[in-house]
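One structure follows; several queries about it will come next.
Note that the chains take the letters A, B, C, D and E in the order they are written out, and that residue 1 is the start of every chain.
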Amino acid sequence: MRFIVRRLLLFVAALFGVSVVVFAALRILPGDVASVMAGLNSPASRVEALREQFGLNRPLVVQYADWAEGLLRGDFGTSILTGRSVTSLIAARASITFPLIVLGLLVAIMIGVPLGVAATLARSDAARTAFHVAGLIGGAIPALWGGLLLILLFARGTGLIGLFPSQGFPLDGWAAPGQAVWSLILPALTVGIIVGASLMRYTRSALGDIAGSGRIDMAMACGMTRAQAVTGVGLRLAMPQLVSVIGLTFAEMITGVMVIENLFALPGIGSGLVTDVGNRDLIAVQSELFMLAAFFLLVGLIVDLLHRALDPRLATAADATEVIA
Amino acid sequence: MWRRSEGKFALVVLGLWLFVALVSLFWTPQPLLATDGYHVWAKPSAAHWLGTDGTGADVLSWLMAGSRTNLLIVVLTVLFAGAFGLLLVAAMVARKSALAGASVVVIDALISIPTVLLALILAVPLGASITVIVVACGFGYGLNLARVARPAALLAARSSYVESALAAGASGWWTFVRHIVPNTLPVLLVQLSLSAGTAVLAESGLTYLGIGVPSGVPSWGHSLATSVKFINVYPLTVLWPGLIVTIVVVALNVFGDVLRDAADPLSNPELRRS
Amino acid sequence: KPNAGAQGGNPSTVETGGNAADIVTIGLKLAPTNLDIRNTSGSALDQVLIGNVYEGLVARDGNNQVVPSIAKSWEESKDGLTYTFHLNDNMTFSNGDALTAEDVAWSINQLIKNQYHDADSLSMVKSVAADDDKNTVTITLKTANSNLLWTLTGRPGLVFDKDATYDAKTEAIGSGPYTVAKFVANDSITLKANPRYWGSHKAKTATVVVKYLADDNAAVNALKSGDVQVLAPITENLAEPFTSDSEHYTVKAGDDTDKYVMAFNSKGKNTSDKRVRQAIRYAINHEELIASRGGADKALGGPIPSLDPGYEDLTGLYPHDEAKAKALMQEAGYSTDKPLKLTLTYANIYGTELGDQLRSQLAKIGIDLKVNVVEFSTWLQDVYTNKDYDISLVDHNESHDFYQWADPTYYYNYDNKEVQRLYAQAIAATSDDQRDELLAKAAKIVSEDAPADWLFNYRVTTAWANGVSGFPVNLNQTLLPLYNVTYTK
Amino acid sequence: MSHAPLLSARNVNKSFGRRADRRQVLFDVSADVFPGECLAVIGGSGSGKSTLTRIMLGLETADSGTVAYAGDDIRRESGLVFQDPFSSLDPRWRVGRSVAEPLRIQRRDLSRDEIDARAAAALRTVGLDPAVFLGRYPIDLSGGQAQRVAIARAIVNEPRVILADEPMSAIDVAARIQILDAFAAIRETRRETALVMVSHDLGVVRHIADRILVLHDGRVEECGSTDAVLGNPQSAYTRELIAAASL
Amino acid sequence: MSVEVRGLHVTIGGKAIVRGVDLGVADGERVGLVGSSGSGKSMMSRAIMGLLPANARVSGSIMVGDRQVVGAPDAALADLRGRYMGMVFQNPGSSLNPVMTVARQVALPLRLHYDLTKTERLDRVRAMIAKVGLPDDVLGKYPHQLSGGQQQRVGIATALITSPRFIIADEPTTALDSIVQRQIVDLLVSLVDDAGASMLFITHDFAVLARATTRCYVLDDGAIADFGDTAALLKHPTTPEAANLVSAARTLSLNASTLVAGNGDKAGGASALSAEGAGSRGETGGAHTQPPQHQ
């Protein structure tokens, strides 16, 4: 219990820290949204007028307080450039990015965990080597390149075996769920295969450690076959570790996702962020960055709590340091 | 190391990398800066073994020169991550439980922030630069390193040999440098080699997003990013940097595994011969 | 004969029959961030909204000539100070409101009063008055301005509904053949035929979707896979698979007013030395640059492109001549052994290739060019606003923009009294010939002074699937009337 | 055996944990160690044996009570031997380096050669041939050998007190004899050295101890000479302990 | 159930760990296996259970009842394990599943081998937990919430829940203090005897050996160095390896007489005291396969 309270306090503190860092960092950027809006060939007076209109001339502390106060109310402000509420902006983009991440993760888990188990169970050296090499190569492919290869292979219209659309998101978005999912398949496969390969290695090493720990022996002595013991007992024991790994992977996937979004022309958070930074739409950018950071902090928090829930030994420990590993 | 086939592979690839990076400082098949607008996207020829890119520059020369940038990035990132990670490990195994507890929780919180977010924020004041890659990756991987190394480090920190050393009057620092680090080294080596590989991958991703290596600086990510859009027209030009990155990353990962086994007296009986 | 260029640019003569698709998807590159055409700069808005959603008092055709639009005709007083526009009858906005002279006058007056984008191009306007009974609008000027009509074809002449209230950033209510049905920032705009459209440019296709494909590869894949039927622009080098597949695709480059202006800071520490500037102009091999880009672009020796008044082929002024360039550098005190360090700053939207090529070409004459590719907003701040740069590179795609060279406060820092005088005369000219002559004269002086090098006149390459007709090829990055577009499978 | 204790603990109390988890593991424990004697600390698992020795050595601080040492700095004049021979030797250090570590920490005045010589001598004392063992790694030692290396490490700086916390429960019977022989050899050569040995193996204790301290649930159950405690146990708990050990 | 090991060889990574072992446990017999660390005792037990690591090469024969273990498919072995064979591990802390409650842990072999309702299962588990002397409230606890002695009892309960006919106990008491150690040994012996099962007891503690077994083998470096009646062997070891171990044990025992008197209260080992008990030793190599005369 004390742990949870402490972890929550830390979460809040981290959120505050992130908000300050994000806000401050963005103010160092040269140029502002007013000059972007005015563009070439507008007189300076117009830029100044726009600045005044958007409140960009107020002291930074006031601007921060204004923003932070909005955040507390759950109001992320209004994007100056697009005129839309940042909340709806983020929601629209997140409705592409998060399904993509989740799909990618599903692919990764579906590839990584069974292969990891298979690699653990493999009895012949040749099979083990094959899994090893596959895992190594899969995890070493740059997302950008892997995506291109998949496009070359499977993109509808251009690929060798045209199956899936390779760019864009259906205009109707999730109103047409079939199409929406369809357009996310290649991107999700790209992220999923790469992440799945490393997940496979994690699964294998976690299972390997457990297989040597006597718990598998015990289960087998009770009458399980090796396969049963590894999938039943081993996976369950590896779960806390795997949850942590997946949590981290989740966060790290966003890099690949940003690249992939650009490559597949998906108007998600990744591609949106880059444009917004370019346009100096700082209110939108700071809220988006803050939201993303908050989201990943939240994932971290959930993973930590889940980790504890999954391991009864941790559930009663006051401090993670008390239990090794 | 050499005796195992994967060790051979890793050493050959990494050796070649180092060699090419050094050579590229003095010599490339074509001058790096030479562009030729009349011969863009040329097919491989005697003068241009891998053809030319969109400016008519020699692809091979850029890849060779790119190897030194990537080497620099990898070395700096690994050093940064290693130093930062070790610092965190030191904090986590500190005998002051407040420091240890706080560092664990802080790491757990920070580790969930993706590298690319950090890079995006860093790129704000710094612009696209190698520094962005090194600092963002180094920071993220350092956190990762600390987290992964924690069990081994804690095991060592609470071991009787550390107790014995402490009982004999050793300082905490002595035990950290002489006992805890060497006994965490296998994990550190593997993790650092993973970080090195990830840094190569991150370079290509961040450069593609425009927050990595600045224009005009040769790097594999640069070669990849500039040729990517021509994949339908000139697929070979995209093939090379991607292939190089993949092979190098595999080699780095394998290198870590093999190095761990080869450099650790526990797993390498050779080293135990007196 | 409005939009002759658009028609002329399309070789496909397939008649649209019953099997014409009721939806055409078009892939463009630069996306607008919002729809507020009165406040937000950027040609992406002009491209998609003008002539499609909003209409101007007058319009432009594919040859950059002024043609009627909301005004069916106009008269100009002898002294060039009064313009009377006669409007069409029974015009309506897409919301059903009638479009009257009142709306026209209100729109222009608001622009001037609120200093909306481009308001300063109407600084010579004294008053705008509507006569609803006669259905006319009268514009009175303080000084004669030969550019007024052309100016009114752009944003300053757009007519908005005085009585409508809507969020201009996300919605648009105009009088054009299309309405905006859906707008996803940075992604797409869905245009639906305006059922209340009053004029002769009735939409031939019910729905036109404009997709913004920032990534070139995604764009090519989109056309290949049939997700879009038209791509404009497409990088010439990337069009190869379409060029070679003429059975299914058509690729064509159109004329445009895009000038890749490589400006030398005329007050810069090193670039204030005319010899250096001239040396750079001699050193640059334009032909090679154009060749590397696929060969569609046109060489441009001065500030005025062929579609603009005052054009004259000035490419002979600074031919590629490395020896001469070297000699000039030598005079200025530099050589390959003792190179001059200069920084080229430009926005990342133009890709890194140009920078690499320029560095390579300039290295030969003793210039060590550092290429600094930045975000557009950074460029705006450092170069455009603070004029803190050595060399800059921008695609100035505006038309009729010679004024930049006559304005010493513009970021070029170019200050030539003779040019300023000639330009003022050209503007005050009451005949087009006189105006063109004066502009040509001024342009030549500018080019000789070498305050910049005009790398080339960028010509936009458009690729479309055969079966598409009516898509304008000329000027389509600023002016893209879509009413004529159809797609027959 | 002199009458002034070399090391003495008085009324030591010790608790672990905080708030609700707080648990006292030592209650008013007093113990004396005299020069040259061997004191055995026995008791069930978790009775506080290790904690007591750690407090006496200064590795842990008592909540209340005093620990007095009749010398300068107990850390520099004591040696520590742990139960598990392998975990108490750094697996990545050669034996020679491990044995010499206390010297390298404490005796900055010694030259490298002197340090090596002393480490070799310590190994010889515990019956290991330096030529063979100095260069080995712990993984290549048998349990008995490893434990003797750990003892060599504990005695290398000629401590006045050796604390051995269950030094032989993890090795087989034959190896235990070797360890006992090693201890005997040390007591032979350095008669002043006191030995505190924690153990629950009464056979071993009977073999080596002069006096026995019995701990039970953190309290001193009884304390007396070996013969007295084993032959005529005063408390019920001690009797039970002896009976169980006799099987 | 009887166990017959014939000419067993186990090689791991080219290293011979078990080298030609013949060993037999008759129905209802309690047999000991002693030997110094690393002599291959655990490897023997793993071989019999069919739990050898994947890279181990096995040859020879191991008959459990009438079934051959060597070379049997994993599924067949799984059917054997937990149903007919049970195993008590040395270190309960690292073998009990940390995410299973005691009840689930103990019920595992039942779940795997018998089709019982939940309540039936729980009843049996409860009875078994009571038999090993644990209070009812441990059922819902996790292993880390139990003491070492309690954990070991859970391990024993798990091994015995299906009333297997053959039990292997691999150093089940080394991690425990002497009082608990004694309780555990007695418990194991009584339970095995009550069930009429046979047991192979691995230890290197002679006091424990004498208490728990009637006959024993001495393993040295992967081969049987000596075997025979426990009491006799302890009194008169014939081979040097055995003698070495026994003399060391004797030196360190609290009082020499208890060592041989050990087999004590339960198994009527008093006879072991007599020197004649050793009489059966020295006979043919096959003698040890014969069922002992059990009282």
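One rule holds for everything that comes next: a contact is a pair of C-beta atoms (placed from the backbone, for glycine too) under 8 Å apart; a residue touches a chain by one contact, two chains touch by 3 or more.
This is a predicted model, so every value here is computed, not measured.
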{"item": "Touching both chain B and chain D (chains)", "value": "none"}
{"item": "Given chain C and chain E, the chains that contact each of them", "value": "A"}
{"item": "A-B compared against D-E, more contacting pairs", "value": "A-B"}
{"item": "Mean-CA-position distance for chain E and chain A (Å)", "value": "52"}
{"item": "Whole-Å separation of chain centres (CA-atom averages), chain B against chain C", "value": "45"}
{"item": "Where chain A and chain C are represented by their mean Cα positions, the distance between them in whole Å", "value": "40"}
{"item": "For chain A, residues contacting two or more additional chains", "value": "29, 148, 151, 158, 262-263, 277"}
{"item": "Sequence positions of chain C contacting 2 or more other chains", "value": "215, 217, 220-221, 224, 378"}
{"item": "Multi-chain contact residues (two or more partners), chain E", "value": "none"}
{"item": "Every chain pair meeting the contact rule", "value": "A-B, A-C, A-E, B-C, B-D, D-E"}
{"item": "Residues of chain C that touch chain A when the two form their complex", "value": "31, 33-34, 36, 39-42, 115, 117-120, 167-170, 182, 184-188, 190, 209, 211, 213-215, 217-222, 224-227, 375-382, 384-385, 394, 396, 398, 401, 404"}
{"item": "Residue ranges of chain B touching chain A (in the complex, touch as defined)", "value": "92, 97, 100-101, 104-106, 108-117, 120-122, 124-125, 144, 150-151, 154-155, 158, 197, 201-202, 204-206, 208-210, 221, 224-225, 228, 231-232, 235, 238, 241-242, 245-247, 249-250, 253-254"}
{"item": "In the complex with chain C, residue positions of chain A that touch it", "value": "29-32, 35-47, 49-50, 81-84, 89, 92, 148, 151, 155-158, 162, 165-169, 171, 262-265, 267, 271-272, 275, 277-281"}
{"item": "Chain B-touching residues of chain C, taken from the complex the two chains share", "value": "215-217, 220-221, 224, 235, 237-238, 240-241, 285, 287-293, 348, 351-353, 355-357, 359-361, 363, 370-374, 378"}
{"item": "Chain B partner contacts - residues on chain D that touch it in the complex", "value": "57, 59, 73, 75-76, 78-80, 82-84, 87-94, 98, 101-102, 105-106, 134-137, 139-140, 150, 153-154, 157"}
